[in-house]
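You will see two complexes here that share subunit A, one where it goes with subunit B and one where it goes with subunit C.
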Partner chain A sequence: MSLSLCKVRLQEERKQWRKDHPFGFYARPKKTADGTLDLTRWDAGIPGKSNSLWAEATYPVTITFSDEYPSKPPKVMFPPGFWHPNVYPSGTVCLSILNESQDWRPAITLKQIVLGIQELLTNPNPDSPAQEPAWKAFSKDRATYEKKVKEQAKKYANAT
Partner chain B sequence: MPSRNCRYFGALTYSVVITNNKLEDSQVTDLVDLIYSHIQSLINDGDVLGNNFVIQKLFSNLLLLYSKYLAAYPNPVLSFAQLLTKLSEQMPTLLRMLLPVQLELLLIFFTTLVEDSFRSNVNSAAMHRSIFEDLIPRLIELFQYLTLLRSQGHLLHDLTLHSLKCLSAWMSYIANVNAEIRYEPQHIRILKLYTFLFFEKNLNAENDEYLDEVQLCLHILGEVFETNPNLFTLDEKQAILGLLFDHASWGHSFLMEILLTDSRFEHEDLVNAFVDLALYVLQHNMIRLSKTILEPASQSILQIAMAMTDLDGASFENDQVSERMLEFWEEFINVYIDSGEVFETLFELRDDAEFKRSFEYQRSQILQQVCRIYWKKIHIPAFGVFTTVKAEFNSYRRTVADFFLVAYSFLKADLYKLLCEALLANLKEADQGNRCLEDVEATLFLLYNINDDAVYFESQANALLPFSSVIMHSSMIQQFRSLKLDDPSNKLPLSTFIQYLSSNVFYFETNEGSQYLGSVLDVIFLIIVSNDSSLSLLASKTATRICEKCSRHLIQFLPNLEVIILEMLKNYEIDGLIRLRMFNAYTVVARTCTDEVQFAEALYGMLSQVKDTAASLLRSIESSCSQVQEDYLTSLLSCVVGVAKGSSLTDDITEVMSEERSQFYRDYWHRDPMEIKSVVLSIIELFMTEAPAISDLPIIVEKCTLIVKAGFGEEFGGPFEFGQNTVIDLVQNMMSKLRNPNAVPHVFSLIECFVGVEYRTLDRSQVELLSTLVFAKNIDFLKSDPDLLKGAIDVFSKIIECKPSLIILSSFFNSTILPCAVDGVQSNEQFIIKSISKFWNNLLNLKKGSREDQDIVQGLLIDLAWGQLLTNSLVVTFLKAPRSNLDHYYSIFRSLLGKYPVKFKQWLVVIVLLLEISESIGMKERDLFINQLVLTRGRRAANDVLKAFWLKCNHLVEYNNQNF
Partner chain C sequence: MEEVPQETQVIPDFQENVLSYFPIYSSLRVNTDFTHTQLQRDIDDKISKTKQLSDDFINEIADMSPIPLLELCREFLESQTESYTKLVETKFRLQTLQTALRHAHSSVVDTRRLEDDLTLENYIQYCELTKENFADAIIADVETKIYSEQGCSTILKADSWYQYIRNCYFVLEHPEDPLPDDQVDEELAVEGGKISLKDPFSLNYFVEPLMAISCKHVFEKEHIMGEFRDSPRTKCPITGCVAELTKKDLRPDLLMQLRVRVHKAREKNKSQSRATRLQ
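Take a look at the complex of A and B:
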């Protein structure tokens, strides 16, 4: 039986990731109950940029690919309640390259996605708010925003 | 004589002319001749090297002419060679006439030709055909001639490098070309043979010129192997395999003289080129290799692959290759995982039990050997080295851990057992005084990664329980306990140890594993209270996890835990997050007690201490507090949040509670004999109303509201369930003092949450009270900031959504909320528009409204004219709104249309006919719009009608409409 386009592409993404992935990041498919890999659901970690409020921590995300990938973008989610102006309360990331009607292109790779999210962490897009508290703090109360980001960074602090 | 820059700009001018004009054939010929004359004159200058960048630009112009006017300028290479020799002969003759410098120029011309084709992304079939028919034969003639020169020893190093760079560019084109022309292996045989020439003589590791040349050859072969291996015949592939992996081959010499020696550090690019090619070749032969592991030829190849992985036991920092080799080994294992059926068939065909046994044994041996190599590689380097390569090292071992996860998914318990045995052996050695911390650490690192990945499913966790049992039975805890916490070189081992313990929770949860909880927590708390903040944070995370998962086994430790957390409370130095985690963990354990009195005592112990500590500190602060004090006070309040969250009963607990037990729980907390609730309320009171230095801070307000929220929705009540009137009082108290607009939304969010949970039993008088004390009394303050007003609208929106009768009859609703909601329609900010839109949709649709509620709202809209006012505001704002906000208004229009079609048409007529919009929208068009909109009856088609009208009024067009 031939593999679907989605599976073929995901195998290629996995191969490419192993071959070349950005420093400090991780991404691996989840396991199923029988111990085999589920290529449509990945666990990944996005390190905060050094010298930023997000530094010294690695933020976990889950990446879910639908059967229509790569025609449709994957869904990337931080843990629910993640504090960032462009992350919905559910944890879903709001980023143009992850939006089918905006900048998503099938050629966008996993590496580009996680790097895009890393960039978004440090440089939120105030024109595309996804949650009110973080967006409002970012826009109107920078001290609280920074405090919350630092508190969150501690929660996801790197082990050593 | 013009300067070189001047000449370059002259050449650039030709590019502009060629790009921007359509030339006749005769003009093309003239232009080619003109460019040739410039090239000739630059060559005649005698400084070809100095003029190189001008010459290259002129070459690019020739290519441009070639690509645009194939018919007029069909074979640039031949004519260029004729220009150089001033002869009209064919290529083979011309080549023999060229001086070395001319040959070099011809190579550069050839190189520029193909590189520019790539760069400009030329993709015409005619061009590819012309290249295939006219240029490739010339290229082959050129390399035949170069081969001859090389065999005679007449090819100088510079020319050799130019020839290989030229070949590299062409092979890249040939391997990647995606057109109707397909290159077959025989088309480029001469080109491939040319690269093979460089491997004929023995490797000379001392000759840098030679090494530069073979580096290019390896790169060429590697690129073809990677992108289009079909360009090699089977014999050629076999030859390359032999070249790299045969005993006494060139590759073998390379391994012995460069890769396994310090020379590899001097020749990084060369090593990378070799490894690239070796990997492509290995991957190409993957299936065959994996099926023939019992054959000596394959074993020899795998041994070399292993040697490349191990690099003579080089440590991580001296090894550039092993990380690359992971790619191969992972794929090697994946063949066995993904192609199980292939191997079953293989065994069936052989029908030889001994073969199968030997095969499986050999496979297991190979994989275990690879695992051993990587296990060794991930040993912590000496501390001095570690500090300089920490990030790279962590990244490397994460990649190795990923490999072990793949290896574990195939080898399963065999691999785990191997790791366990290694760990136990090392711990035993350590018991005898030998230092094996690095070995132990490396093993624990792999074990915790496997645990984290595997134990999510119970069946897989169960398979690992016996191993955990053996490990915990060893001296591991004592060994790590004896490490000095202030020695920086122990930091990574301790961190790994903590993470292993965290990953081992699946074992501690069991009755057998629980016997180790005392010693585990003992060592963890020792680390938590150490001076190392990152280790403390990590240990606190592990402690929380253990307490959550193993709470039923930890009740006996409550007195010890209490001492620790109260110590943490007093210690300013402890990180706020750690303090919070520990309070939460302690509460989770205490909550597991079946005796409510014991739980209440634990709560009282913590909460009264928090209260006393905070009160004492607040008393000492006069007007403003320092950052440290503020952080500490915030942390105290966070601890209460942690306690509140930890106190709520999870579904797991409530599901198994008997009727009798739940009744007792409910009664107990209703009576609250130890007055826990009053202590909590007094803490909130203390922070919110008696501490002017901090009570206005958003973070303090947020924490206070989180404490109250934690008790909402508790099925059986509990220590944080305060009762409706108390919450209303609390909210009213908060709002009476609060004047920081950034803090107020937290209170509103609390009210929203309160309504969402309690609406069934709330009555109108309570909401009336809430409206008056919280909103009406503060209306001027709320009106001072659109965000505050938005927050208030959200609250009322929630009330309407849950139980409209609670508010719609209130005079405050009619006199204040509705005017604000009408005004709010005109807001520009997305969050405000969203809230307003939700409010009106809730009010218009009244999904949970009774008949009576419907009548009341109808009365408000029709009799009190709110419908007309809303329509006016909506239409005017909608037409002025930016495109990105339109979606938020559609739903209000549709709700109005769906619920009040006749009235809404009347309201529309009033405002639309009066609108001051473009004169081009006449009365007829306005009528048409109204009729079309009403016809939709509020269905989705209304969006299109509204959008079309908006576009017309704003003189805009639809993005996606192809007609604009």
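Take a look at the complex of A and C:
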């Protein structure tokens, strides 16, 4: 039997990422218990844009691909409790390009996904709240919001 | 023997009254059959031979890198394109004539039923009739269709093999470049001015590429067909493209297939010469 489309695509995504990826980002498949790579589960790091509240830190996400990828989008998760208006309490990212019934297309690459999330960090979408605290603060109490973002940035600060 | 009453025979003045329209005599057999089966078969045969010869030729040279005698290849492919164009034009003209004659047939039959044969008695009546003769009508019909050239250029534009052979040489020389002066290709996935030779699903080189006729995006057959498993239509898999696709919208993309072949042959050649240099 030939390799499934999902596996073929993920191998190619890995090859392309290793060949070239945006500065400051990382993405690698997780290792399974027996030491082999699990191409369907990746660890990735999204650097905050410089000159933003999110700067100088790299935020960890896990990206999970189902067998139906790339027909269906992968699921991207920050650590639970991540502070951002468009991140669910579970850590799941709410982003139109990651939603099958919205803007997901099979042609969207891993690189485009992580760049999309980086963009979302600094530009939250107030129309699709995913958690109460960060969304409320973002829309009504900008000072608290910014303080929390900066605290979180310290937590994930880049090693100097 | 009965005597013919002389007073009823009125001879019209032929110099004063000139007939411009001639009704068709009811006793005349109307034959507008212009099927010319043999001629049609000959044209189709020549078309398929031209295709076969060109396909064989391209097959021979596509995997060669570098391609030998480039200038001769170009001349050959250009002449094949020209022959094909002429054959398609001829076929189109023949068909136009056949259609015109078929149309004429029914109108001849209908009109003849309504019109009396021309006699001395009704000659003057017919003189007053200003109507186009059948032969003139047929000629006019055929001429407008053929000489407008609209018909044939539309046919060629939609002819995928014509588009293929016409652009073959360019692709042999520049497998990754968009076709010159072609709006079609501006829509293709272009990275750094190059055309992507890889399927957007698997990110692997195309094997059996299909092009969507509406948005011109290209996909690997196996993978785009997978999108129709649950639904007869799907959004175009390319980011930002608003086209909705069905299976019927997809056509084999011969040119893309050739691009991949030529590109792969070049890559192979490059890595081989690199290997020789290292030795």
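Here, the second predicted complex is superposed on the first by the 159 of 160 C-alpha atoms of A that agree within 3 Å, B and C clash if a C-alpha of one lies under 4 Å from a C-alpha of the other, contacts with A are read in each partner's own complex, and residues count from 1 in each chain.
Following the convention adopted for this analysis, a contact is a pair of C-beta atoms (placed from the backbone, for glycine too) under 8 Å apart; a residue touches a chain by one contact, two chains touch by 3 or more.
Keep in mind the model is a prediction, meaning the values are calculated, not measured.
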Clash or fit (per the criteria above) of subunit B with subunit C on subunit A: clash
Touched partner set for A:24, first subunit B, second subunit C, both or neither: first
Partner chain in contact with A:16 - subunit B first, subunit C second, else both or neither: second
Which of subunit B and subunit C A:96 touches, first, second, both or neither: neither
Partner chain in contact with A:112 - subunit B first, subunit C second, else both or neither: second
Partner chain(s) touched by A:71 [first = subunit B, second = subunit C, both, neither]: second
Subunit B versus subunit C, judged by how many residues of subunit A each one touches: B
Touching partner for A:5 - first (subunit B), second (subunit C), both, neither: second
Clashing subunit B stretch [against subunit C; choices 237-245, 255-263, 507-515 or 561-569]: 237-245
Intersection of subunit A interface sets (partners subunit B, subunit C): none
Subunit B residues within the subunit A interface of the complex: 326-327, 330-331, 337, 390-392, 394-395, 398-399, 402, 405, 409, 412, 453-454, 456-457, 459-460, 491-492, 495, 499, 534, 537-538, 575, 577, 698-699, 742, 745, 787, 830-831
Residues of subunit C that touch subunit A when the two form their complex: 189, 200-204, 222-223, 226-227, 235-239, 241
Partner subunit B, residues of subunit A touching it in the complex: 15, 18-19, 23-24, 26, 28, 31, 33, 35-37, 129, 132-133, 135-137, 140-141, 144, 147, 151, 154-155, 157-160
Residues of subunit A that touch subunit C when the two form their complex: 5, 8-9, 12-13, 16, 70-71, 97, 103, 105-109, 112
